[in-house]
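Each of the next two complexes has subunit A plus one other chain: subunit B in the first, subunit C in the second.
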Partner chain A sequence: MTQYGFYYDATRCTGCHTCEAACRDYHGLSLKMAFRRVYEVEGGLWSQASDGTWITDSYAYYTSISCQHCDNPACTQVCPTGAMHKGENGIVSVEEKRCIGCGYCALACPYKAPRVDREVGHSVKCDGCASRMAAGELPICVEACSMRCIEFGSIDELPRGTRAAVAPLPDPSVTQPNLYINECAAAQPFGSLDCRIANAAEVD
Partner chain B sequence: MGNGFEHTALAVFTTLAPLGAATFVVLAAAFWKGDLTEDMARRLDKATALPVALVLVGFVAAFFHLAAPQNAVGVFAGVGCSPLSNEVLAGIVFVAIMLIYWVSALAGKLEARSGVRHGLLAVISVLAVVFAVFCGFAYLTPTIPTWNNPLSVIQLVGYSLLGGAVCGALACAIARIDLFGVLGVITCCMGSAGLVVGAVSFGGFIAACGGVHNSWGCALDAVPNIWLSFAAFVAAGLVGTGVLFAARKRSNMTVALTVALVLVIVGVFIARIGFYGLYAGLAL
Partner chain C sequence: MSDSVNTLTRRAFVKAAGALGVVGAAASAGMVVDRVPKAHAAAPAEGAERIVWSHCHVNCGGACPLKFHMRGDEIVYVETEGAGASAAAKERAFGATQARACLRGRSIKHFIESDNRLDYPLRRVAGTKRGEGKYERISWDEALDIIASEFTRITKTYGNEAVFIQECSGVEQNIMMNNPFFRLFNLCGGVVTRYGSYSSAAISFGAYPYTYGKSWGNRSLKTIQEGELVVFFGYAPNDMRMSGDGAGYDINVAREQKHARVIVIDPRRSELCTNQDVEWIPIVPCTDAALVAGIAHVLIAEDLVDHDFLDTYCVGFDEKTLPEDAKGQNLSYTDYIMGTGYDKIEKTPAWAAAITRVPEERIVRLAHEIADAKPCYICQGLGPQRHTNGDNTARAIMVLPQLVGQVGRPGTTSGGSVGNSGIGLKSLPTGTNPIKTKFPNYLWPEVIRDGAKLTATNAGIKGADALKVGIKMLVNYGNNMIANQNGDINTTTDIVRDESLCEFILAYDVQMTDSCKYADIILPDLTPQETVSLSAAGEGCDVKGIRFGQPICEPKGERREVYEVCGELARRLGVYDEYSNGGMTREDWCRKLYEEMREKNAGMNLPAYDEGVAQGSFSFDIEPSDKVDDFILDPKANPLPTATGKIQIYSPELAAMAKTWKLGQGDLITPVPVYFPGYDGPDDVTDEYPLMICDYHYKGTVHSTYAVNPAVNEMTPFQVLINPIDAEKYGISDLDKVSLTSAQGEIRTQARVTNRVIPGVLMYPQGGWHSADMDGDRIDHGGCSNTLTSRHCCPVSKGTGQHSVIGRIKKVEA
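Coming up: the complex of A and B.
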């Protein structure tokens, strides 16, 4: 089975949110809904040296994520109807007519990828822009990224980084996400409590 | 992150349905005791509308929690795999047997001392506890470290025993059946055990959440007043069990038991909202 996934180059990302905006625009999502989110992580301190000068080790970096189409997805395991399923190409998507909109997938996913859209009456999430894939095109977020940070394709053919092991993401061994990251110098390891999400209002 | 009120429908479900279900333990004890006349049995069967209504209101609340309730029948596809499917199956089996019992009793098909009635009540009592346990199992998800705690299950069992005891006592009072003697002892023991189990498990759950941190901070930060929720539950439970003990020695306690039941329902609901507010994912 071919497994599709994402590659994200954090050394190039400027946090412009164009990927997120393009996704929202292409899928006709409201401002309350997003299939792709850009997390801004920051940390470090300013401290005064003995000679009175100030030094800092402060840092900030971005992590753009959507659904990671995990090898071991938590969302499909808890779905009571089987609506949330993993397809032949490894893409995790929602069979809309079977979904009851219970929100169990949204609660269980450690990446918060699925959300329940009560207006449409089912869970919604990134499906790798299935209609574009069928037409031989790349997902809209990949095409929109002006810095060419995001790549999409067969996981065997993507550039190899680290398997999504940076804060604020969870331990990748839990769901085995198909997201590989070229980490930037400031990247903190998953589980780090020394950093914080600086743009909570945007991503929560 | 939320404060728990985004799951109000689920809080109503997990408050009312297991509570109404556990009420049948008291009803079973009333019949097993063996001294009910046919007239008393008929009155108690009519009063059984109270726990039946609580269970059904709980299920209606759960139904409205769904974004696409018209697809709800598909939930059985996940039986054996999804904890939610298992919970719904346990609930549906309980409701089916409960309704068969109640309709048969109202239709006069079940004599007060018949083995069929006693057997059905035994099955319903066991299924009530199984249902409460399966309600709790639905929250045991490894990617939700706060909820993934056996205390999530034990809380629901405690709440159902406490609420079921008070509701059962009220049903008996409505049917003009006194709680003197063995029935009163059973009801008081069940209520007290429910209060202790509920309080210890909810308190332990809150304490355990203090050790869970993710990218948003400590899980307890989402509900800074969670210990007030705990205090509200304990206070409501103390009033409820206090009225139960009083009902062992006095007749005509319908009003007091009604107030006690309302207080216990509110107390458990507050605890459930607190539980949902303490949701915390592995990282985000």
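Coming up: the complex of A and C.
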């Protein structure tokens, strides 16, 4: 089976949130809802020398993620109705009529990709812009990125980075995400306790 | 995100919609309303989707094409240049030019469809004060009659010099801008005008003229060569020039494809220094000139300067190139740096370290890195020059590349701005203004208040020794200056509220800004996306391109665009035929100006106007010039337009001005660019105001226009950046609600405890919409940075000093 997924060149990303804005706009999402989110991570310390000057080893970096369309998705395994399923091209999506909006998928996914939209009464998530794919177009986030950070397609044909192993993302061995990252210099390994999500209020 | 938030949002929406219906009914019955009445409920989305091309432009430096997917009158979503399956892979590739819109353009639906839009002409209710915000709906005819008669009355009583049209940052990039007002009033005797802008007054009027005689030697980031060292002083292109054809993209390409090594000197870790492996050197705001002096000391002491360059092209590096009348007095730059002239202090790296808080070792190493780099690209953003010492700071940074001969050649820029070129699209012609008197843009409130007291030597008046009269009629079109973007809102609005000073204020905008609430008449504008529009590719982008724009829908309410409205005024003032050039429409002008540009670029095979409209936009990359500048090739044959014909490290003009100009507290004019901290600079912090507060252009909004867009505020909320060391000292936790206070006023905002700012400094995004009880406590709950800024400006250019503020932070109860 062909498996579709994302490649993300973190060395080009400037944390502009355009991918997220375009996704929300295209999918007509409410402002509190997002299929793609941009995490900001920071760490390091500041110290003052005896002459009053400042020294710092601090860093900050962004990671843009949506659904990773995992090989071993947590969301499909907990779905009581089978609405959350892995379909053609390996894309994980919601069969809306079968979804009862129980929210197990949202709780189970370590990437917080599926979310329950109470307005429509079911789970919602990135489907790789299925309607655009059907028209031979790329997902809206890919076309939106002014820095050309994001690529989408058959995982065998995408550039090969590291399989999503940077903080604040979880251990990739758990769900085997189809997100490959060209890591930036400031990136910290997944599970690192030396850094923190700096914009938690905006992404959660 | 919790599910309850969504439910709440929906309920809140229904409630708000109901409330608006009530207000609308009240308005139609002629009652007084606090809010703008709404004419229209959202039309149900019906019918097939249609595509309309327009573009986004809010003076960010870009102008990104927007491909609107419309259904009925409703925006379904937007795409941008290069959208769709037809775009070739090579056009999509990293390094190719596509003007892709950023989060601001992609969120424009929420701006255009905002409930805060103006729909009808409004008149301030008789008996209420400016700033109270009480307005009643009137007809267009009534509004236009009042404006025409007030213009006639005021020009008869005080002369045309009493009329002023403010800059229109919000719509500055399309061919119309506020030019219809200039075109109209120039046919009726003219108006007093301004020079300089909030953006670049100090570098444009306090640095370039005295250094290069003009803006000279600026090359874009595309000139960066393989492996080159790039040094940015306060330049943050990835925070505002974020389009796919912009400077932020260019530096990213240069870094990856040319292996450029980039160093950024800034009080804040800008977006360029996040994922990009770009070194950030944190610095105290206002002190860039001290850092330059420390670097210059190393270059001079270790004899690493380019003597041939300095002797041939520059004036005043050392004694031998000083003008004759300046010799023998230790007035050279070397005398300043080595402690033999001016303040007699040696500007050692240790001296610079104590002021800038950059470690001495890093200053020495930076000097060596710059000395070794050939070529070396050194430039500045517009932040360093927006301090009260901005003229000298801008000049000082320009000296740095001059010391090592790195100006006027491929791979360099001037030490000033990043350069760019364009396609040469002209704006609506404004005719001839018979009035030649100009004043510095920042001083318009003082012009209202002090009028004829302002002179050439105390306020930089040009074209006359002094003003004849203050501003009696103010046109506030597309800018939100009165109560938002100008320094010190509390002082400014006190001046504006006094109806004995400025007698008539017209506001004309798309949204009910706080500035509108100081107007006597408010007119509702169409956004550029709701009318015919034509813009060149972004003015901050090094591309040749055009963005066409067709109205995305029929005008809602009674919104009307500026060219037609000024035409209606022209009829009332008896100049319509001349104004409209025999009846030309807005679209006629777009067509004419486009075709004139197309003729001039005959070699480019550009599409005809109608073809362009159909395709929406085009962008062509620009190849960087590999030519050495003419002045460098032959400085005698091609002198610069300075007093000496050369690059002036020592400016004789400034030496003369230093003797005659009247200056304020903390101000200094010097012939060589010395460091001085400036008014409310780093030396002025006190126990009461222990922190420097520095505003900056924020990626979500850039300026104020989009700060009213909830979609960008959700992703990029307005927050004050505070270092963890300061946060602990002042008892602030992440996301606390805080007050920021300066001598000028107080705002409320949210704290972001972050490593991304140097200790001792609070960085706060500019552009938030002012919201305060101006007859009460004046606490600004909208969080506009200009509640904190002062009226103090730069000594030479009289450009804004809005980045020089001292103040305090305090946690407040949420």
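Things to note:
The rule is simple: the second predicted complex is superposed on the first by the 198 of 204 C-alpha atoms of A that agree within 3 Å, B and C clash if a C-alpha of one lies under 4 Å from a C-alpha of the other, contacts with A are read in each partner's own complex, and residues count from 1 in each chain.
One rule holds for everything that comes next: a contact is a pair of C-beta atoms (placed from the backbone, for glycine too) under 8 Å apart; a residue touches a chain by one contact, two chains touch by 3 or more.
These numbers come from a predicted model, not from an experiment.
On the superposed subunit A, the two partners subunit B and subunit C both fit, without a clash. Once the two complexes are overlaid on the shared chain, A:193 sits against subunit B while remaining clear of subunit C.
Of the two partner chains, both subunit B and subunit C are touched by A:204. Contact with neither subunit B nor subunit C is seen for A:134 once the two complexes are overlaid on the shared chain. In the superposed model, A:1 lies in contact with neither subunit B nor subunit C. Looking at the superposition, the partner that touches the larger set of subunit A residues, subunit B or subunit C, turns out to be C. Judged by the touch definition given at the top, the superposed model places A:118 against both subunit B and subunit C.
Residue contacts after overlaying the shared chain place A:100 against subunit B, while subunit C stays out of touching range.
Within the superposed three-chain model, A:148 lies in touch with subunit C and out of touch with subunit B [touch as defined at top]. After superposing both complexes on chain A, the closest C-alpha pair between subunit B and subunit C lies 7 Å apart.
Shared contact residues of subunit A with subunit B and subunit C: 103, 116-118, 204. Residues 74, 77-83, 97-104, 107-112, 116-118, 121-123, 167-171, 174-175, 190-191, 193, 196-197, 200, 204 of subunit A touch subunit B in their complex.
Residues 1, 3, 5-7, 9-10, 76-80, 82-85, 92-94, 98, 100-103, 106-107, 109-110, 238, 242-244, 246, 248-249, 252, 256, 269, 271-277, 282, 350, 353-354, 356-360, 699-700, 710-712, 714-717, 723-725, 735, 752, 754-756, 758-759 of subunit C touch subunit A in their complex.
Against subunit C, in their complex, subunit A makes its touches with residues 10-18, 20-22, 24-26, 28, 30-34, 38, 40, 42-46, 48-49, 51-56, 58-62, 103, 115-119, 135-137, 140, 143-148, 184-186, 198, 201-202, 204. Subunit B meets subunit A in the complex at residues 1, 65-69, 71-72, 74-75, 77-78, 81-85, 88, 141-144, 213, 215-217, 279, 281-284.
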